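Next up, some structures in C-alpha cells.
Consider the two complexes below, in which chain A is the common component and chain B and chain C are the respective partners.
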Partner chain A sequence: MKAVFINPFLNASINLFKTFLDVKLTNKNPYINKDAQNLHEISAIIGLAGDTKGAVVLSFERETAIKMVSRFSKKNYFALTREVIDGVGELVNILAGNAKKDLLDFKLTISLPGVITGSKYKINWPKDVPVITIPFESELGDFTVNVSLKDKD
Partner chain B sequence: MRILIIDDSMVMRNIHKNILLENKIPEESFLEAQDGTTALMFARKEPIDIFLVDWNMPGLDGLELLKTLRGMEQYSSTPIIMITSEAAKYNVMEAIEAGVTDYIVKPIKDRVLWEKISKYFTK
Partner chain C sequence: MTLNEVLSLHSPPAVKEYTLNHDDFKKLFWKYKGLLLDLQRNNVFWSATNENLKTAYEKLDIQEQELERAYNLNKKYLDNITEGLLLIDKNLIILDQYSKYMSRLFLTDKIKGCNILDFLYPDKKVFQKERKELGKYIAILFSKTLASPEIIQEINPMVDKTIFIKRNNKTIEKVVNAKFIRIYNKEVIEHIMIIFEDKTREIHMKKQLEKEKSKYKAEIESILAILRSGPDAFFDFINESSSIFENIKQHINELEDIKLRNEFFRQIHSLKGTAKYFELNHIAQLAHALEDIFSEWDKEDTIKIKSIKEKILKMVDHIWNEFRTIDKTNTRLLKFYERAALHGSCSRDGKLDNFIVSLKRMTENLSKEQGKEIQLSIKKEIDKLPCLNKLKNPIIQILRNAIYHGIEDSFERLSLSKKQKGNIILHLFKTDNDYVIEISDDGRGINFDTIQKKAMDKHLIRNCDKIISKEELIQILFSPNFSSTDMVSQLSGRGYGLDIVKSSMCELHGKVSVATRERKGTKFILKIPETGKVKKRVK
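What follows is the complex of A and B.
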C-alpha cells in the first residue's frame, strides 16, 4: 500500500471532524499497524471495491462515539443507542465517500457501513495488505482511522 | 407539497427533517424511506413533489432509484436532489447523466444545505 493513499483519508477525516464538526483535534503520525485487530470498543467499517480492494475502519471508545454522534446530530445521547450506532456508520460513510474524490488512481465503490462493538471482535482486513493507522487526539476522546488499500495490480 | 426523504441512516433523515422544520416546512409534508424500494412504493402510491435521496442504500440504491423515477412520466422533471458522501467526479457525472436535479456532497452545514435546496421549495 502506497503511503500516498493515506492522504485522502487523513484529509477527509480532518474535513469531517475538525472543519465540519468543529472538534478540536490533532492527528499523530500514521503508522503501519501490526496489531490491526486491537482497536477501540466501537468500530465502523466500510469495504472498498472496484479497481482495487480495501477497507476503512473508524474506531472509537464508547464515550467518544456517543459524543461524536451527539455533535453530528445536534442531539444529546447518553448511551450507545441504535441511533448512535447508526450515526457512527454514517461518519465512516462520509469519510470513505469523501476520500474517494482524491484517490485518483482508482475508480472505487464503497460498501454499506457496518458497526461492531465489544472487545473481542475480528475484522476481516484484506489479506497481505498492510493496515495504516492514523491516530487522532480530540477534545471528545481519542480515535483512529485505519486504512488498508491494495495497490493496483 | 410532499417531500420524500430517502436515506438508510436514521440520523441523517432526522438531520434533514430538522433543517426543513427550522425553515418552516410543515412536518406533515414529509415522508421518509430507508431504501430505494420503499421510496418507489411511496412514489407510486401518491405524487411526490421533491425527492431528497442518498446514494448508498441497501437494495435499490439512490442512483438506481433516480434512473427508475426518471423513467416514470410523472417524475420526469420532478426535483430529485442527491445528498451523498460520494464525492468522486465519476459519481457526480453518473448522477448527472441519470438526470439528477442537484448533487450535494455531505458533510454540509445546515445553512448551506438549505441555501442550496430552498429554491425547490418555493416553486
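What follows is the complex of A and C.
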C-alpha cells in the first residue's frame, strides 16, 4: 500500500474542503483500523483497479454530511434527506476526479463513487491487506478516509 | 451696281403696321411682364447655383486640406511610432503603408507587396512548421469572426517568437511579439493589422538576469557547502572531478568501447552523488544532464554519436568552469580558515564529525524530497576513519540507496505494522584488524525475485532454468552492467550504483558484504584493513 496511491485522495480531500466549502482540514495521525467495518453512518466508496486494487472509503457522521452539503448547496438541511445523500455523492465525485488527475501516471481504473448509509452495511475490503484510516477534523465535523489497497507486484 | 441698288438690297422690309386695341395691348403687356419675371427668376437661380458651386469648391478645398493634414499626421505617426505596423490583405500581402520602424526592426526596405510568411520566414524548409502555423492563424482571423478575442490571443503564434533575419551573410536573431487586429469594412474583414514589438532586448535582459541569479545562487550554494564541510573536503572533490573530466576529454574518441563508457558513467554518477551530498545542487543537476547525454548513445547512428561527443565535451567544459569558480571560492575560504585557526577561533579538525553532520542533513533533505520520514542514528565508536575522503562516496551511495529504495513510505510501513518513521543506523567501529562501517536500514530488504527478473530482462543471466543463488544475485547487484543499464530508466538516483561502492572498496583493499531479510531490512558492511595500503588512483 504505497503513498503514491493514497496521497492524491488526501490532497484532493483537503482541496475539496478548501475550494468548495471554504473549510480548513487538519489531518491526524493515520492508524491501522482493526474494526474497518465499523464506519460512520454515511460512506462514499471509490473503487480502484489496475496497478493497485482496493477501495478508498470516505466516511462521514450524519451531522458532518448535513453541514457539508448545506454549505455546498447554500441551503439549510436539517435531516439526512435524499438531497443530502446526493450532495455527498457529488462532493466525493469531484474529489475522485481531482485525485484521478494525480494518478495519470499509473494504469488505474477509478470507479464512480457510490454512497451508502446506515449502520449495517459491509464493505468488501481486499483480503490480506489492512485498512489504514486517516482521520480529518474540520469546523463542519470530523470524517475519516479509509484506504485498503493491494499493490501489484 | 449703284450705291442705291446696294442699299436697296439691304434695306429692311417695309414696316408692317399694326393697330393694337386696348385688349391686345393688355395681353402683350402681361406676356412681357411674365417673360420679365421668368428672366428675373432664372437670374436668381443662376446666382444661387453659382453660390452653391462656390461653397462646394470651398468645402472640397477644406476636405483636401484635411486629407493632406491627416495624411501628414498618418505619415508622422507611421514614421515615428516605435512599433512595426502594417496591414495585410486576404492573400497575406503587405499593403503599401507601414511604419518606418518596420524597416528598422527587420533591417530591410523591401516590405510592401511581400507575402507576410515569406517576409518573416524566408526559409520555407527550415520554418515549414512556423509558416504553416502563422498561415493558419491568419486564415482563422479572416474567417472565424465569432471567435472571442481572448481565444484569438491565446492561439497567437507570434508571442515572444524568435525569428532569424539574414542580412549581408549575417544572421541576426530577434525576438518579436505581434498583435493582430482585424480591420473591418462595414461587416467584412478587409485587412489584418499587425503590430510588431521588438522584445529582443527585454528577453535578453531577462535571460541575463536569470543567469546572474542562478550564478549568484550557485555561488552562495558553494560558499555554504564549503563552510559546512570545510575546504579540505572540497579540494579532494575538485581534484577527483578534474581527473574525471580530463579522462573523458582525453578518451572522447574511444567512447565506442562500452566498458569505458560505463566507467565514465559510473564516475559521473558518483560525482553527482557527492555533489548532492555537499548540497551543490547546481553541480548535481549538470552531472545529471551529462548522464542524460551519455544515455542517449546509440551505436547504430554514427551521426548522432558525433553530436553526442560534441555535447559531452561542451557539457564537461561547462561543469569544469563551475568547478573552477568553486575552486576559487574554496581557496579564498581556506585562507580565511587558516587565519581564523591562527587566532584559535576555528578548527579544521573533526573531519569525521563534519562528515556525519552532513550525512544527517543529507538524509533529512533526501527523505523530505521523497516524502518519507527517516531517522539516521549514529553509533560512533571511533574518532577517526582512515582514507575518509575515499570512503565518503561509498557511504553516501549506500545511504542514498537506503533512502530511495530501502525504506518504504509511511503508509507502506503502516500497512506492514512497522513504525511510520524509517530508521537507518550508521555504526562505525574497529575490530583487531579492520575498521568497520555498518549501514543498516529497517526497510523492505532486497527482493531477490525482482533482481532476478531484472537481470534476465537485461540479459545478465542467460540460463533461465538454472537456479541462481542469492550470493550470485548479490554479485549481479554490484556489477556495473546491472547498475548502469538500470540507471538510465530510474529517476531517483538512477538505480543502485553499488558498483561505485565495490570499486572504491577494491581500491582500499577493503571488503563489502550484505545481509538482508525481506521486509525486515538490509545491512551493508564495509571493512577496511587497518594497515592496508591504498592503491593510488590512476589519473
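Definition applied: the second predicted complex is superposed on the first by the 144 of 153 C-alpha atoms of A that agree within 3 Å, B and C clash if a C-alpha of one lies under 4 Å from a C-alpha of the other, contacts with A are read in each partner's own complex, and residues count from 1 in each chain.
Everything that follows uses one rule, which is that a residue touches a chain if its C-beta (ideal position, glycine included) is under 8 Å from a C-beta of that chain, and two chains touch if they have at least 3 such contacts.
This one's a predicted model, so the numbers in the text were calculated from it and none came from an experiment.
Q: A:Gly47 in the overlay: touching chain B, chain C, both, or neither? Say first, second, both or neither.
A: neither
Q: Tell me the contact category for A:Ala96 with respect to chain B and chain C: first, second, both or neither.
A: A:Ala96: touches chain B, not chain C.
Q: Looking at A:Pro30 after the superposition, I want to know if it touches chain B, chain C, both of them or none. Which is it: first, second, both, neither?
A: second
Q: Between chain C and chain B, which one touches more residues of chain A when both complexes sit on the common chain A?
A: Of the two chains, more chain A residues are contacted by B.
Q: Mind working out whether A:Val69 is in touch with chain B, chain C, both or neither, as first, second, both or neither?
A: The answer is first: A:Val69 touches chain B but not chain C.
Q: With both complexes overlaid on chain A, does A:Leu16 touch chain B (first), chain C (second), both or neither?
A: So A:Leu16 only meets chain B here.
Q: What is the contact status of A:Gly141 with respect to chain B (first) and chain C (second): first, second, both, or neither?
A: neither
Q: Is A:Pro130 touching the first partner chain B, the second partner chain C, both, or neither of them?
A: Once the two structures are laid over each other on A, A:Pro130 reaches chain C alone.
Q: Quick one: classify A:Ile6 as touching chain B (first), chain C (second), both or neither.
A: A:Ile6 sits against chain C, while chain B stays out of touch.
Q: Give me the intersection of chain A's contacts with chain B and its contacts with chain C, in residue numbers.
A: none
Q: Inside the complex, what are the residues of chain C that reach chain A?
A: 371, 408-412, 414-415, 417, 420
Q: Any idea which chain B residues touch chain A in the complex?
A: My answer: residues 8-12, 14-15, 18, 55-58, 84-91, 105-107, 109.
Q: List the residues on chain A that touch chain C in their complex, please.
A: 1-4, 6-7, 29-32, 129-130, 132, 147
Q: Residues of chain A touching chain B in their complex?
A: Spelled out, the residues of chain A in touch with chain B are 15-16, 20-21, 69, 72-75, 82-83, 86-87, 89-90, 93-98, 100-101, 103, 107-108, 110, 112.
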